[in-house]
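Notes follow the structure.
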Amino acid sequence: MTWIGKIRRVGRIVEPAPAAPEPTVAPPTGVRGSLQLRHVDAGSCNGCELELAGAFSPVYDAEQYGARLIASPRHADGLIVTGVVTHNMHEPLLNTLAAVPEPRVVIAVGDCACNRGVFATAYGVVGSVADVIDVDVQVPGCPPTPDQIVTALRSVTGK
Amino acid sequence: MTTTVLPAAAAELGEGPRTARLAREAIASGLATTLLGALGLVLGVVAIFGPTRHLRIDWLLPLAGVRFDVDPLGGLFIAVTGAVAVAVGIYTVGYAQREHWARFPMVVLPLFVAGMLLVPAAGSVPTFLLAWELMAAASLVLVLSEHNRGAVRFAGVFYAVMTQLGFVMILLALVLLSAAAGGDAFTTIAAHADDMSAGTRTAVFVLTVLGFGSKAGLLPLHAWLPKAHPEAPSPVSALMSAAMVNMGIYGIIRIDLQILGPGPQWWGLTLMILGAVSAVFGVLQATVATDLKRLLAYSTTENMGLVTLALGTASLLSASGAPDVAAIAMTAALLHVLAHAAFKTLAFLAAGSVLAATGLRDLDKLGGLARRMPVTTVMFGIGALGASGLPMGAGFVSEWILFQSLIHSPPDGNTLLALAMPLSVGAVALTTGLGIASMVKAFGVGFLARPRSVAAEDARESPMSMLTGMGLAAAACAVFAFWPALVAPALRGVLDALPEVGGDTAGVQLATFLRLPGIDGSLSPALLAVALAAGVLLAFAASRWGARHRPAPVEVPLWACGAETLSPRMQYTATSFAEPLQRVFDNVLRPDTDVEVTHFAESQYLVEKVTFTTRLADPVEQRLYTPVVGAVIALAQTVRRAHNGSVHLYLLYGAIGLLVVLLVAQ
Amino acid sequence: MSALSIVAAVLQVVVVLVGAPFVVGGMRQVRARLEGRAGGGVGQPWRDLRKQLRKQQVTPRGTTLVFAVAPAIAAGTTLLIAAILPIFALGSPLDSVADLFGVVGLLFLGTVALTLAGLDTGTAFGGMGSSREITIAALVEPTILLAVFALSIPGQSANLSAIVSATLDNPGQVFSLGSVLAFVALVIVIIAETGRLPVDNPSTHLELTMIHEAMVLEYAGPKLALVEWASGMRLTVLLALLANLFLPWGIAGADPSLLAVLIGVVAIAVKVSVLAGLLAAGEVFIAKLRYFRVPELLSGSFLLALLAVTASYFLATPTR
Amino acid sequence: MSLATYTGVLDLTAGAFLLAAVLIVWRRELRSIVHLLAWQGVALAAIPLTEGLYEGNPGPVIVGLVVLVLRAGVLPVLLLRAVGTADAERRESTPLVNTTSSLLITAALTMLAYAVTRPIIALDQAAATRAVPAAFAVILIALFVMVSRRRALSQAVGFLMLDNGITATAFLITGGVPLIVELGASMDVLFAVFVLGLLTGHMRRAFGGTDLDQLRELRD
């Protein structure tokens, strides 16, 4: 029965929610508090992935604001893109965006996704995410903290 | 390219008259079959309601004469055969032209139907055997109609041997019966059935179950069925699978349930075990089969197993003093025979339509037919729904009645019933579950998705006559799915003639509501369909909520995980679809799998290609038949020594034979 | 059949339609709390549904009518089951239209519709999900029908009202051996049929481990909403069935008064919430089974169901 | 305690008793097998306890309490000590018969038990007698467990289950055995477990594992 004891000992570890940020874009469908995102790693160093995992972990729990990562772009309301767009991931990124039904949002996470970051002049790079597709929200930082990611997500879900 | 164009051009230029003749012959053959079928249908229905009709033609067969007694039980089977023949006949008009049938099978097809119509009409042992042989021989000829393919020849030989073995057993059984009764008419035999010794009755039971069971495709003598049915031309497959197998059931009912019945408890139990094993085995093989027609053939074994299980239940229950529940089981058996005839005709005709359009039976190469052959797809869908035993399908009502008879048998104090019934429910339920899986595979992989080969991509819809034939069978399916009350009077008539299995009790009330007198249980397939339609509409309405906020609908390419295209080769095939079930049941199925890894010559660590082969043989066939066939061959080798080619020696054999006969006759 | 029992049946459908997303939300919430998270709240599935219903209709190229109507069939069968079952009151007007065998058949009809839709897409994941789903369904069927058999023995009928009223008349039989075994078997079957842990993980992100999710990977927008709604309703309806088969107290009679129906609503809401909460809490402690270990679980449940029938059958002779 | 409650509780106890046996066949984790055995001990103890309380007879109650301490307390603790610490030791990794088949065989055995005990039930329709098939089924299942398991500890569990089954049958048919007999039997079992524990320890030292198949090596 150690698991039950552990659950009791740990209790709630989620950090208290700060006040909701200013909405940057209106919720895509007009329904607040529901945002399912498909994550695309367009060529990241996996630093942003770690922070992203942090944002959805029990401590930050982005799910309490209605954001969720899901597997199929068909089920999604948008993309959350990390990393600079490489040649190999250019087409897949476009295909994935096309697979998301309208209305949709694109969130670019991390300096590389926003402005190519440290890979600006690398030979395999097409450009930043905004160079390739329309981006609604940008989260700067190398990598951005889970707090920043959660705030950005909340600015879209409106919750 | 030229090779494919040339024959077609030749057919148009030089062979115009031949095409016209083919059309004439196909119409004649199909029409003859249909008319025979219609005649059978009418006569059968008349016989079910009317008094038993007799017909004697003494000059036709030396010594015994030909005798027909058409009673309600026979009438039901005549009517079913007739109805199947009507649909198949119309279908054949188009099919024979499309597949360029030779003249011979066209002539034999009506003969085959005639043979099947005569079997249930026969009133005496010689007549029965004559009709049986006519049916067997005609079907053999039809199976062999595409004899230029090796598989067909093999299936033909296999079928010939097994059907004749079955015939010998039936012959022995019937001769034993008429010898014990002192007469060859079935009425005489029935009158003297109670005086027969237990040994005779047991021997007759065992022989008839083996002989008729083999015709019905029951284990272990089923092996001819999955070989012969798929290799026959599709209209013939439909006739064999939907009508001919019923003759085995008819024989079991006539001899073991009616004339000798009610037998001791172990008769019923034997039938139940045979039925359950056949049903589960048949459906397992159907689940892993990749050949569409083979799948349907195994499904026939499955369904005949279910019917036999119901017959066994009826027999066991009436022997255990529960005739009212026995009547319910008997109703289930008869209704399932009818429903199976409807959906199996439809499924085989649709499979034939696919075969004619693509030349393919292999599900691994089919797919995407829904857009290319929409009518055939819908037809197969109706047939598959019936075969899966789901609500809205033709097989649901009869399976429901079977379940009711199994769960309502009185357990008081009878260990046998208390053990047999739960296990039967388990077996039937497993059969239904796997049946659903096999039919989802056949329909989903074969007709939906995208074409897996060029042939499937080029498929075109079949001509009107074929679609009409299928349409008739589909209408019958709809009757059994929604309004089984239509056949209620017929079933009542047959049950009245079967007091041995509780036919004189109330039985199942088939009206808008199916009710079981004395038992709290009811079902209304028609109202269920209406309610389901309402439910689906409600669901549609619910999904319209918020529609005005939606952007315009679009058509998009399939999600390929970000890659550019998704080739049809990436789809699941029938083999991969059934692989989990094959793994779960590998103790029974015994698949033979081989993984072969070829490495690059330069390095052990780089793989050039991996080959995976899996082969599924019929384990019963391998274990049981191979040794027997081996023994027969060994025996034949011994006998061969006597054949040294000398005419004198052969004459000597003849002389010795004559002497022996004379001495014995002394 | 009184007017109020018709009202009760209609109410059952409406409440299941409205309540199912809350049941799913509640289960997620229980799970989130036990994991130390805050969770999206009980209303989260409803927000997701409303949002999906406002999204674009997307038709993947090459799919047929089967793909288009499958969600409605899945939802329609579940709604019909909701109307047939005695959830608030006994004696639904549809009670004699289908018994428990019919209900099981309808359940499988919904499963088959989605399975065919998965195959219809012609993608690798769709076929994979369908293959897995149908394998589990095929293996579940023997257990579920044997459990039906076991339940039908005390009331001598497979009609739902008869089973429930037999339990009401003779409350002691709930704690009989057969009944308890049938309960455990049914719980396993319901877990397998609704794709919960340990058979399937409803919140997985990895296609290769999916069963139900893989099958519906191509659905989007309103159709996806219907699929999710249907699966939520299916879970709700099955939990309600489980609750009323074994603990029917609180359900209104065949000719109910308005108050009785209201009590029935409250009773079933409590029962389903408790069951769903227990199920969700249980899920925190277990991991998903390897797919080829699932048949072991199902054969275990088959054994339990068989024992249930045997026990009830052999002990059916009443004690004196 | 009314007759209905008594019948119900006894029925349920027998069910739990049988269910524990089925779960022991099902599970492979040795630790949870031992836990299940403890639960079976509780169910076993509940039989004389219920009977004693219903009849107002202190004898069966005392027997029940003794059984409870021994079967649900002492023996499982002893067995748990014998469970090895190495990972390979904690699971019945490859039983001779796979789980699915084991479960189906268990089903067959149980139905057999129900079938063969029908004459006993026919003799006497009392609630206790009607639970006999469950106890008898546990005996058959225990034999099957002993036949099909590789680990010495599973064998010990099978043995204890067998004894549980026999004891339960005795309780149910005769309405309880004299205290002294039960104590004697329990002592026997206790000694057997001690011996098994010693043997397991020796085996582990000699072979580095408790796989019984390795005992074949002793023959050579």
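To keep things simple, chains are lettered A, B, C and D as they appear, and every chain counts its residues starting from 1.
Everything that follows uses one rule, which is that a contact is a pair of C-beta atoms (placed from the backbone, for glycine too) under 8 Å apart; a residue touches a chain by one contact, two chains touch by 3 or more.
Just so we're clear, the structure is a prediction, and the values are computed from it rather than from any experiment.
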Please identify which chain has its centre, taken as the mean of its CA atoms, farthest from the centre of chain B.
A
Chain nearest the overall C-alpha centroid of the shown protein atoms:
C
Counting C-beta pairs in contact, pick out the pair of chains that comes out on top.
B-C
Calculate how many whole Å lie between the centre of chain A and the centre of chain C, each centre taken as the average of the chain's C-alpha atoms.
34
If you average the CA atoms of chain A and of chain B, how many Å lie between those two points?
58
Whole-Å separation of chain centres (CA-atom averages), chain B against chain D
49
So which bits of chain B are touching at least two other chains?
413, 418, 422-423, 549, 551, 556-557, 559-560, 584
Chain C: which residues touch two or more other chains?
50, 54-58, 217-218, 221, 295, 302, 306, 310, 314, 317
Which chain A residues sit where two or more other chains touch them?
29-30, 72, 74, 102-103
Okay, what are all the chain pairs that touch?
A-B, A-C, B-C, B-D, C-D
Quick check on the complex: what are the chain C residues that touch chain A?
32-41, 44, 47-48, 50-51, 54-58, 204-207, 210, 213, 217-221, 224, 284-285
Can you tell me which positions in chain B touch chain A when the two form their complex?
549, 551, 556-557, 559-560, 562-564
Interfacial residue positions of chain B with respect to chain C in the complex:
287, 367-368, 370-371, 388-392, 396, 400, 403-404, 406-408, 411-413, 418, 421-423, 425-426, 428-430, 432-434, 436-437, 440-441, 443-445, 448-450, 513, 519-524, 527-528, 531-540, 542-547, 549-560, 566, 568, 570-572, 576-581, 583-584
Residues of chain D touching chain B in their complex?
100-101, 111, 114-115, 118, 122
Which chain C residues qualify as touching chain D in the complex?
172, 175-177, 180-181, 184, 295-296, 299-300, 302-304, 306-307, 310-311, 314-315, 317, 319-320
